[in-house]
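Right after this note come the structures.
Both of the next two complexes hold subunit A, though its partner changes from subunit B to subunit C.
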Partner chain A sequence: MALHEISFLIEPQEGYESIPVDWAHNGVVGSGDMELLMQKTDSAAVQVNIVTPVAGYDAIWEKVLRKFVAEARLGGVSIEINDNNSTPYVVATRLKQGLLEAKAGERE
Partner chain B sequence: MDYQVILNGETYNVAIEEIDAHEEPIKAAAPMPQATAPAIGRSAEHIRQKPGKWNILHQDRVQRMQAAARLVQAGKIVDADNTVALIETIIKPGDKVNVEGNNQKQADFLSECLSLVDPSKIHDLHIVQSSIALKEHLDIFEKGIAKKLDFSFSGPQADRLARFIHEGKVELGSIHTYMELFGRYFIDLTPRVALVAAYQADKNGNLYTGFNTEDTPVIVEATRFKQGIVVAQVNEIVDELPRVDIPGDWVDFVVQSPRLFYVEPLFTRDPALISDAQVLRAMMAIKGIYAEYGIQRVNHGIGFDTAAIELLLPTYGEELGLKGKICTHFALNPHPTLIPAIESGWVSSIHCFGGELGMEEYIQNRPDIFFTGPDGTLRSNRAYGQMAGHYALDMFIGGTLQIDRFGNSSTATMDRISGFGGAPNMGTDAGGRRHASNAWLKCGDEYGMKAQLTGDMPRGKKLVVQLQETFREKMAPGIVDRLDAWDLAKKAGLPLPPVMIYGDDLTHLVTEEGIAYLHRCADIEERTAAIQAVAGYTDVGLEANESKTRELRQRGLVRTPEDLKIDTSRANRSMLAARSVRDLVRWSGGLYHPPARFKNW
Partner chain C sequence: MKAWEELISSSFYEATARQRAHGLVDAGTFNELGGPNKRLKSPHLPELGEAVSFDDGVVTGVGRIGARPVFVISQEGRFIGGAVGEVGGAKTTAIFQMALRLHDKIAKKYPEDASLRAPAIIYSFETGGVRLHEANAGLLAHAEQMELIQECRGKVPVISLIGSKVGCFGGMGFVSISTDVVVMSELGRIGLTGPEVIEQEMGKKEFDSSDRALIYRTTGGKHKTIMRDCSFLVDDTIGAFRDQVKTLLNMPYEQLKKYRSIGSLKLVQEQLSLVALAAVLQPKDSTDVWAHFGNDNPEGIPDMELEEFCRKAKLRHREVE
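Showing the complex of A and B:
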């Protein structure tokens, strides 16, 4: 099956924060699920790269990611997603979990 | 059989079936007396001009029974090899026939035999039965044996049924709810012949229907007490039954089927397949609805969302201190996922519509909880279960495929006519209800349109709740602008879109985004705004107005997981009291015996 790639940049809000660790990983590419990799970067904007088997939902991906970045006041990070048919709820959940674990990783 | 009618000095031969079919004009069979013969009226009034003829149906029955006498062995027993001949003898063209198709137990051997009759002898039957589940249920339409269909639920045959209706092979009467169809058995859809299924019979025709009694009593009563004929297929003929579920004098013929009848394990949900999103919706429902209203009497739909609720009672429910306050009484099939809650002492009583494969021994050992017979085994009964589900519950909660911006929901898709089953009767406010419970009173008290409808008069309201993921698999939206049911209605020529639960009955919508308390809304605009507020990234959800959503949240018409103070990071499978079928077996102390397909150990 041809995989569909989506890339976009999200400008961060003022007072943004990056993740406290160099990188964080969450999730697996099981059916209805996805794998998330977040990496600290030098640029302020959030670079998003998504690989998914489903085409036609680019606008929804962007809305979910923009909401997450805005609510988390995130910047200086790249987000890579390998998706296998996750619903927007699963995507939003994995993003929140990934960030929580990245923050917890620092404390350990 | 033809019956002679003398009308205005002329003698007419009238087919008995047409006498029974009051909605259709009675046609005179050949020979026609003359071309200008007066049309015979719509009712049996004309026929009754011949005095003393009040037992036409009975006479017809006697004739059919006499013709079949040659096929009977001892008592009422007919050899399986003679079943096709029996059916060809007792059924006449145009008869209304019920082939017992429940949503679980199937009279599959009799159904197969009906599909093997000679269509030149038996044709144009009017099938009246609740479920169209087997291939043979529709084969008879392809062969011309049957012509018209009135039913409730089609499940596995839904796409073929849609095609047959479209191609004109099936003349569709109506799609009913179970209770509605059962009601019509006693009004205008009374079967002339019923082909039913039971576990055991004795030679006198007494039947043991056991765990899966389901529709049998209502079918047999409607048929036999209107002078119809009842044939039962059984797995076994025995000298003594464990108990009598159907008295033998209501049953005319018994056939020992060459194979056990088919039963579908329809209500077994593997906990291993419950998703984190379902756990979150279940947590929200428990805290924002069950606890909020003190829901004690409830029916759960068959999906994974409600399975998640059942499996959260001993964990999350316990933590919230809800034991004894919610979920004490159920109208419910014996869901294996309810075992942990039962074992933890949550449940006082469960009445079942049908049985469930593998739950037999468990139920037998929990007679305080389930309705069991003098023999100790479950007695289910769909008619009583539906009645209880309509009138005696505080809440119905289930899932659907699509819900629109007004809250109307449907499981119909373009190419499938799946019917209704029982959900519309449970998922509707019972207008005739008069007894009060706290949950019912609270919901009625909150009803935003009450003052416009009944002024200052207090009245309760049943909670009707739908659990809905905003997107299902393959990104199919669960909340849509327009239901596929509209297109289906057009394509199949239905008089109206098949709606499972209407928006004005729906009180609560639960998605992973939040709960919309729809009954609290003052008008349809506000209801739509509340639905939009929980519709996530669907087209409907993207139309939500942020400031309106904020206002609805402040007024408690919409509540998010955050508003409900639910920690979403806890919403995962580790919350479930059982995470596999094997866990359920452990909870049951080895009394639950899951069917092989659910066992992987």
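Showing the complex of A and C:
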């Protein structure tokens, strides 16, 4: 019954970059949607924390997140997600949007 | 987040709570208080296996409109229907308290023109009322807000903005109508019991919740304007709501308070006379009420453009001016 929590660490690649702002938030926890909070950290590894009502898909979450972190060459950042039944495709899209907005936030 | 210029021309109906909060005040002035990085989540929802949100479904903060400090409360309907729980309720209550404290400071410093320097509160409702998962705390939040709205009278103008997807229902219907002014778009809806609940309790014959036209005739912005529950009907853009707020902020409180629906014995008597009217009129549909208030072609009202409606529609005469 209780919410399902997933936590794991992703080692960053060579030449990784953090986000240009202290923290960035994106998305709304609507049905089939999620919110993303990224925060700059001192450690290089990416700490991921996911809170979701759905259990049993930990491996898929990890796959989507690892792919995102690798492609974006992210490091020195924590990723927190509050999910409400998003599909892996929605998760991947929200992660990309979140990073884009975090980068746009610097320009403002 | 969209650029501010883009936000003000965006649909108010479709905007997220955070977009509305940023767009309603001057460009770049919105400062979120208790924002997502503070992680103020509901402690109750995880126990029930329900998704949580870092802002608990309400965006709170302060910005400026011209020289005036403007506190903003903006509910997010996508998160559990914008329902009010313990944490979101406390965030909202805190905004009222901060606005009152700031008012007192300003009134002390500028006693001669405090009313035009004082902070205001704009409250963008998108909610079904109490969050049933934490109903006691949610109800308490309703009661606290009702009390704070009364405390704000004559000090801090409180303006309700209603034009979002979920509308404003349940106990929050009461809260929204007890502020100084109600601004709506045609797509805004205010009610007590939501359409689906009426159908569930009283049957489809009493109220067909799949009949969108019926829902708008009964709870929508045009009906609420004719009934004088809503004082200003505006276009469905964040900018149109913002412009109306700007106009209201330039009014002295003596003028602003004339838009109140409750708050004095006379106003309550006026509301009661409407209950009596309903008993006499026995309306079968809102169109019967519109006709009673002098609209010759009530069936044509739902299709009118905003400009035509504002020009032609006959509104209920207010006894207390």
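In this text, the second predicted complex is superposed on the first by the 107 of 108 C-alpha atoms of A that agree within 3 Å, B and C clash if a C-alpha of one lies under 4 Å from a C-alpha of the other, contacts with A are read in each partner's own complex, and residues count from 1 in each chain.
We take it that a residue touches a chain if its C-beta (ideal position, glycine included) is under 8 Å from a C-beta of that chain, and two chains touch if they have at least 3 such contacts.
Since we're looking at a predicted model, the values are computed, not measured.
Asks: On subunit A, which partner's contacts cover more residues, subunit B's or subunit C's?
Replies: If we count touched residues of subunit A for both partners, the winner is C.
Asks: Please indicate which partner A:F8 is in contact with in the superposed arrangement: first for subunit B, second for subunit C, both, or neither.
Replies: After superposition on chain A, A:F8 lies in contact with neither partner.
Asks: Would you sort A:Y57 into first (subunit B), second (subunit C), both or neither based on which partner it touches?
Replies: The first partner, subunit B, only.
Asks: Applying the touch criterion given at the start, work out whether A:H25 contacts subunit B, subunit C, both or neither, answering first, second, both or neither.
Replies: Second partner only, subunit C.
Asks: Once the structures are superposed on A, label A:E35 by its partner contacts, choosing first (subunit B), second (subunit C), both or neither.
Replies: Only subunit C; A:E35 stays clear of subunit B.
Asks: When the two structures are overlaid on chain A, which partner does A:P88 contact: first (subunit B), second (subunit C), both, or neither?
Replies: Only subunit B is touched by A:P88; subunit C is not.
Asks: Please report the subunit A residues shared by its interface with subunit B and its interface with subunit C.
Replies: The answer is residues 85 of subunit A.
Asks: Which part of subunit C faces subunit A closely enough to touch in the complex?
Replies: Spelled out, the residues of subunit C in touch with subunit A are 1, 16-17, 28, 35-37, 39, 41, 45-54, 76, 78-79.
Asks: Per the contact definition, I'd like the list of subunit A residues that touch subunit B in the complex.
Replies: The touching residues are 32, 54, 57, 60, 63-64, 85, 87-90, 93, 96-97, 100.
Asks: Show which residues of subunit A lie in contact with subunit C when the two form their complex.
Replies: 1-3, 23, 25, 28-31, 33, 35, 37, 39, 51-53, 80, 82-85, 101, 108
Asks: Considering the complex alone, what residue numbers of subunit B touch subunit A?
Replies: Listed in rising order, the residues of subunit B that touch subunit A are 275-277, 280, 469-475, 512, 536-537, 542, 568-569.
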